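Next come two complexes, and both contain chain A; in the first it sits with chain B, in the second with chain C.
After this line comes the complex of A and B, so read on.
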């Protein structure tokens, strides 16, 4: 930065700290590392190499990038190789814990199918090229001489936050473009829209540990909802004496459903009706105070008496009465909506109906509390959704896009076929993929830039949920391949093409981050002065504490308008494309551990399958392992049937993650199907988000039978005491909490 | 164990588990696993793959039960008749699933040990059921005798296919990659035990409860796994066994309070497992 005149406000903006003033906890000097004594300590990677002692594992702190939850990790490094990830005990997202996808991070890093050389398209095919050639092409197409600017340029990314988001935004501004499409298949966009409208806050904090009853409509908080490891740590407290009650309501059993005290199968898309039925029972039977609701909302709830709700949802009245009884007697409670409840044409209305329960039960302010505001809005997460994918496809179709940059997203794989994205992308003349793997999107780009794995790279991250610390991402080892580059470095290069006067002074992303973090907590009278202690502390702990400013949360009851259930004669079943804690949205299909790790529910490995209720199987005349064809108005997929009673008879569930093209990975090649391809163009009416669970299908026998490869022989215990179960009454008698009502 | 030793100490070697067995233990590593907290997420299992160099076998070999997962999560359904509906059974699995993480139970009276023709599996002074890979000849008698089916046989030289470069760089140098013809199983992360014991010895002190964790325990998002030395009466694991009135050296537990949740799987077989499970809980 030396020699560049820049005022303080601009400096803060460049560094990502602009916002509501300084709000950082004081930091002490890090304690001395004592590796010579043979102790395993967390250290900063920039310490000299003489600290590396053969045979001694050293732990470096970083941030997990296997999903966007932002868990803190410690990477164990020996002789210059990272061997294993552990959770960072100081991270307030995961408290030292880590899920299987996090564990699999090392296999993403060492993956044998990584791209190691830049690729450029020549005569229709991607061929290896030098960095000079690849970057030369980029300069030619999007550099200052190209005259490309404005909305002819777009970024398509997964969720981004921290300084990468700051630089990405700066690049968009430098290009004069407002086109940033942030796409995540597994998201909470509809719920966040409801939070925003009814609570005045996009993402409040849930106090699972305080709740005595949790009723979740499709929110798979232990598996795939926002921050599963964090929620699991909270869940453990919830299950301690006196032990809260968990009710899960959904058409297909999720991991959370598998741990519920009561799992209720609901007809897909009628979750909102059930929520209003519970509200009705609470107001009528339990005489809950209705004055918290406006008259129109009261009138609306009054229409959902027990008979109506039973008829529409398929859930029997005694179950509804039981759940309402728990909600009434155990306080505070927490009612959640997510996943299958939200991904409907009326997903917003459903989530809003669920939120009404929280208002009636007085949970807002008790188990649903404000997260406060991140003081550095610039660094806040840009959380992805599927609407961005739809918008991107529309933008491409409209024409005029001349250059698109892709990072950390694979829309060619995730886009439903009705979008015809693969074909449409041909009309974009210049596509660049910043990619670690030869995924479907990278293979259709014109230039592929091989980037470092997240565990060789620098970055900062702010989690969308529980973002009370900035997660520092630092290399856990030297880059495996000398020919890959850091994403931040490349982003900076792109910025230098357009704004050399501001960014030219930074040698690389490391230099930028170091200056940004060093400059962070103090009054910035001398911007160029480095505060080395701050930087050291950030590297050693992997975390920068932030004080989110306080904020009040208040509830506003809105009337909702839910449709009656309608049958579809031609397509009588509901398709549930179910996300998995494992392969996630398909991005982890190249990790052999995760392919071999059995699905938590069906225990199937290395494949796709279709979950079906025995009543449906009887009707169709299929048995386990029979192949069925599942056809929507957009196409068909085939899968072997797994039959069990954890799914509604009107639903058929096909997991996400498989069905990749062969270039992606040797581990994903020829494995299963991608149910996202057959989704119908159904959107949430209010927000425009794709209704992930709004597709109707027909099912037919394919006439084949194949072995369903899964773990374990017996599905039941056949009288052996393998897993014994006691009632919560016994638990409370022996382990405490029996005095609590 | 020389013949002279056996003859001179015959009565000592004849002591059954109710008399404390014939071993002289320095430590007795044991575990307590709370099924009220376990959510069946698989984090422990994959953490075990990462720590212990477990081979990935692939779809076709998995189908032949040649999988090498030392720690697997079994899942059972409450409702029988999975593939049909009838009036006598419920239409849904209304109480979710039953998850059971199963790793070597490190039995003190292990049925796998006496059948090994070459003493490749034996009991260590740490109370561990050890497997000496370079002594194993692959008779598979131990696997045949394990009532828990927790021993895994290397039918192939998995190093040829499971870690294509550069995946092999992830392998943990603290333990081996096993070759074809060798039996393997959960070791309670013996390499971590080794490091902790050496460190304690260098500092001239005892191993402190909680100073190291097994890989599965460290990963577990709900802290369902507790591990430690059962000879240390103050350790968390000892406390839990005591609280739940499950005792080593008993062929039948005489619980004062029958409602306490602690139990051992297949306890009636008298293999004296050192993993205590605490029963799953449901509201109704």
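After this line comes the complex of A and C, so read on.
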């Protein structure tokens, strides 16, 4: 604090003397907030709506857009302003619950760093322009009169679904291009490839509530895996009596790991070997029926006896026997692979090895069931991955693109440095960003179109997981800025440039959506008395029920080929760029609530850190708060050490989300580092997906010490009984905890 | 690509420029429905006439079943866009406070009357007076007069008009609703003797707490600081 030492008590005193005014002035509050008479304005309505009472909230249904899980929300609106989001109780994804990222949506909506005017690059710099000018430029470069040919055009987006996906596809077809790169850093692409090959279905439904044991290899289903709020409600049922047993196997403790009965720190990348070790124990020790597996798979599993598995994974044999014992005695079970297990060079093989366990245990058809088919395939989600980012960079490098449209993705920030994406993008002559914030990608575009926040805009969404309802997104209030436009409206404008005969009749996206939803063959809860009853019901509930067609799920056991563990002399440690429910992949770093919310494990706020095992810290001679340099073959990042036992001694975890450029947000600038930048070019051999956790690093002391800002400050209670605790032994005896000794 | 009119299917309340926050007028909202309601002035006038005929005169006195709060404050004179005469309305014409501040009984805020309510009478009454001419100008521009706030409590204080009116008026069988202004005066002073409102009570925590003690109101911190 600019050299002046001030402790908390003094700070409160100062607050007391100078009153709230000073504190508020420091937080960019409008100076008109005062109790003084005659300073603030109170604005009356001209004509009141009968049901609007100032001071009393009205709730409208919509769909959360903070990640792609697609939770239903209710927005509380008072005096024309949306104030708070709650979960929509009728939404079958989140059953009325909402995570902190969802809650943070209001701060994305009211964010002071939103782009409000179109920007156009002139003389190298982005300057404000009129909509006519910006759209004129787009027409000139990608309109029918331009010389642009189909494949020279591309869309780069985050996950899209619903009618936006339909229109986006229509636009690509109208352009004659097949280039749609759908990029999400946090994804389940490898797992879905395995599902597709072994179950015949990309995304089956998991019955956590039916399972009596869950063994998760790196799938942080309570935090960052696919649909965490949905899984949390399922997990609660799983934990009801008789209490299910949760085993989490991962190199760095996640929120799910912290909830597990048994948390196993596995050597990163050896999760598949551990799965095969469990399979071996089940077949040999527990005499599980091996006939469900082809001979080659049986032979392959036979090679993974306890000694081999112990040696490769670093997990002791008694733990493996214990977990296998639970899996054998408690049926049905559910074995999951995700995150750290899949993000490896042999991620596909690992996820396949995990699926073999489900096949041996007979879980397929019991706790892994078919999701059925969405009747409107064209509205289904186009789920993103990192392979799309790699493919995009390759396409750009080949000089294949003349015009690129970006929406809901920030590849310049998320791309590892080895892709050299920033440089490569310079070779694309015309880049358009449909952006809400001045993020790294938008700042490198030639035209930036300011779009509505998701809470001012229209849309429909189908979730990749549990898409049993179409989520309706409707504005919760009038746009804050009259100069922003809806994404769907702009998409229609783009389409009208090329296909006026088909889309010219729609005044705007609202009109398109109303017609499209009214035409859906949906069974109404109430008999239709009004001609637009279906539309009214969609707006009222925020949900459109979908009858997914039934589908049989079948299991096909595939042999897997897993490598032995190899040490790397030069880069002895594994980098875990850990995602968290909060800043996510960095998109929410501009939301102060989420910066302020402590990390679920380390409790650090507003910063990056490097999680390290105490034994490793001792070996390197560092203490908590020491800055270390983490170097891969692609570069280095620096972070303060946080010492914690919930990490494998050979791993170092740096959270995703920080290290943004200063234009993005006043709340994110000069804050932490982005570990994605130093990732090595390691790809999953089978799917081509970037191996997010496949980077090896070396760690060196940077020679500095800084204070690690975290909640609590101390890991122990120094004998003061601030929080009631029981020992693990007592817990096991009295509260049904599992004996994991 | 202008926003269409009434695209909320009649569900949203913010289509009109005037439908803005009572608290903050920081942003301009884009256009919307601005026609209709021509009958509104006449309806309001009828209600007003009915009300006048039913008013009974009550002697000024203390409010039964209540101990008025103590304390005074020397407030500033606040210049308003129109020097609204509370005295003409509430004293001479004996209009009930809640006729204009209609949300007081239903919500935490009492509400500034919508401009349409003013025009309900003043499209025919006193149309030649300078203040009414100014009001009419605002109405024709479809802009509410930029009234200045006089009475306020900090954001960390939850005050609700609704609960106070319930306690002292609607749940108080000995106080007819016609005498509500005497209850309003607890915190706002004798507004019926003022033109524009003028802060004459301190509205600080001691003022609130002493009144809560005397009237057996809740003493729980979280009741107000929530």
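Some notes on this structure:
In this section, the second predicted complex is superposed on the first by the 654 of 741 C-alpha atoms of A that agree within 3 Å, B and C clash if a C-alpha of one lies under 4 Å from a C-alpha of the other, contacts with A are read in each partner's own complex, and residues count from 1 in each chain.
We take it that a contact is a pair of C-beta atoms (placed from the backbone, for glycine too) under 8 Å apart; a residue touches a chain by one contact, two chains touch by 3 or more.
Just so you know, these numbers come straight off a predicted model, no measurement behind them.
By the touch criterion defined above, A:510 reaches chain C but does not reach chain B. When the two complexes are overlaid on their common chain A, residue A:223 makes contact with chain B while staying clear of chain C.
Contact with both chain B and chain C is seen for A:81 once the two complexes are overlaid on the shared chain. Residue contacts after overlaying the shared chain place A:255 against chain B, while chain C stays out of touching range.
In the superposition on chain A, A:565 makes contact with neither chain B nor chain C.
In the superposition on chain A, A:475 contacts chain C only, with no contact to chain B.
Across the superposed pair, chain B and chain C both touch chain A at residues 38, 79, 81, 480.
Those residues of chain B lying in contact with chain A across their complex are 35-37, 39-43, 45-47, 49-51, 56-59, 62-63, 67, 69, 72-85, 90-100, 162, 164-173, 199, 202, 215, 218-224, 257, 259-261, 263, 265-266, 277, 279-284. Chain A meets chain C in the complex at residues 20, 30, 33-35, 37-49, 51-56, 58, 60, 77, 79-81, 131, 474-475, 477-482, 485, 489-490, 493, 507-508, 510-511, 535-536, 539. Partner chain B is touched in their complex by these residues of chain A: 38, 78-79, 81-87, 94, 96-100, 102-104, 106-107, 109-112, 222-223, 228-229, 232-233, 235-236, 239, 243, 245, 248, 253, 255, 257-265, 322, 480, 581-582, 592-598, 600-601, 603, 605-607, 614-615, 617-618, 623-624, 643-646, 666, 671, 707, 709, 711-712, 714-717, 720-728, 730-731, 733-735. Interface residues of chain C, counted against chain A in their complex, comprise 1, 3-4, 7-9, 11-30, 37, 40, 75-76, 78-79, 103, 106-109, 111-116, 139, 142-155, 160, 199.
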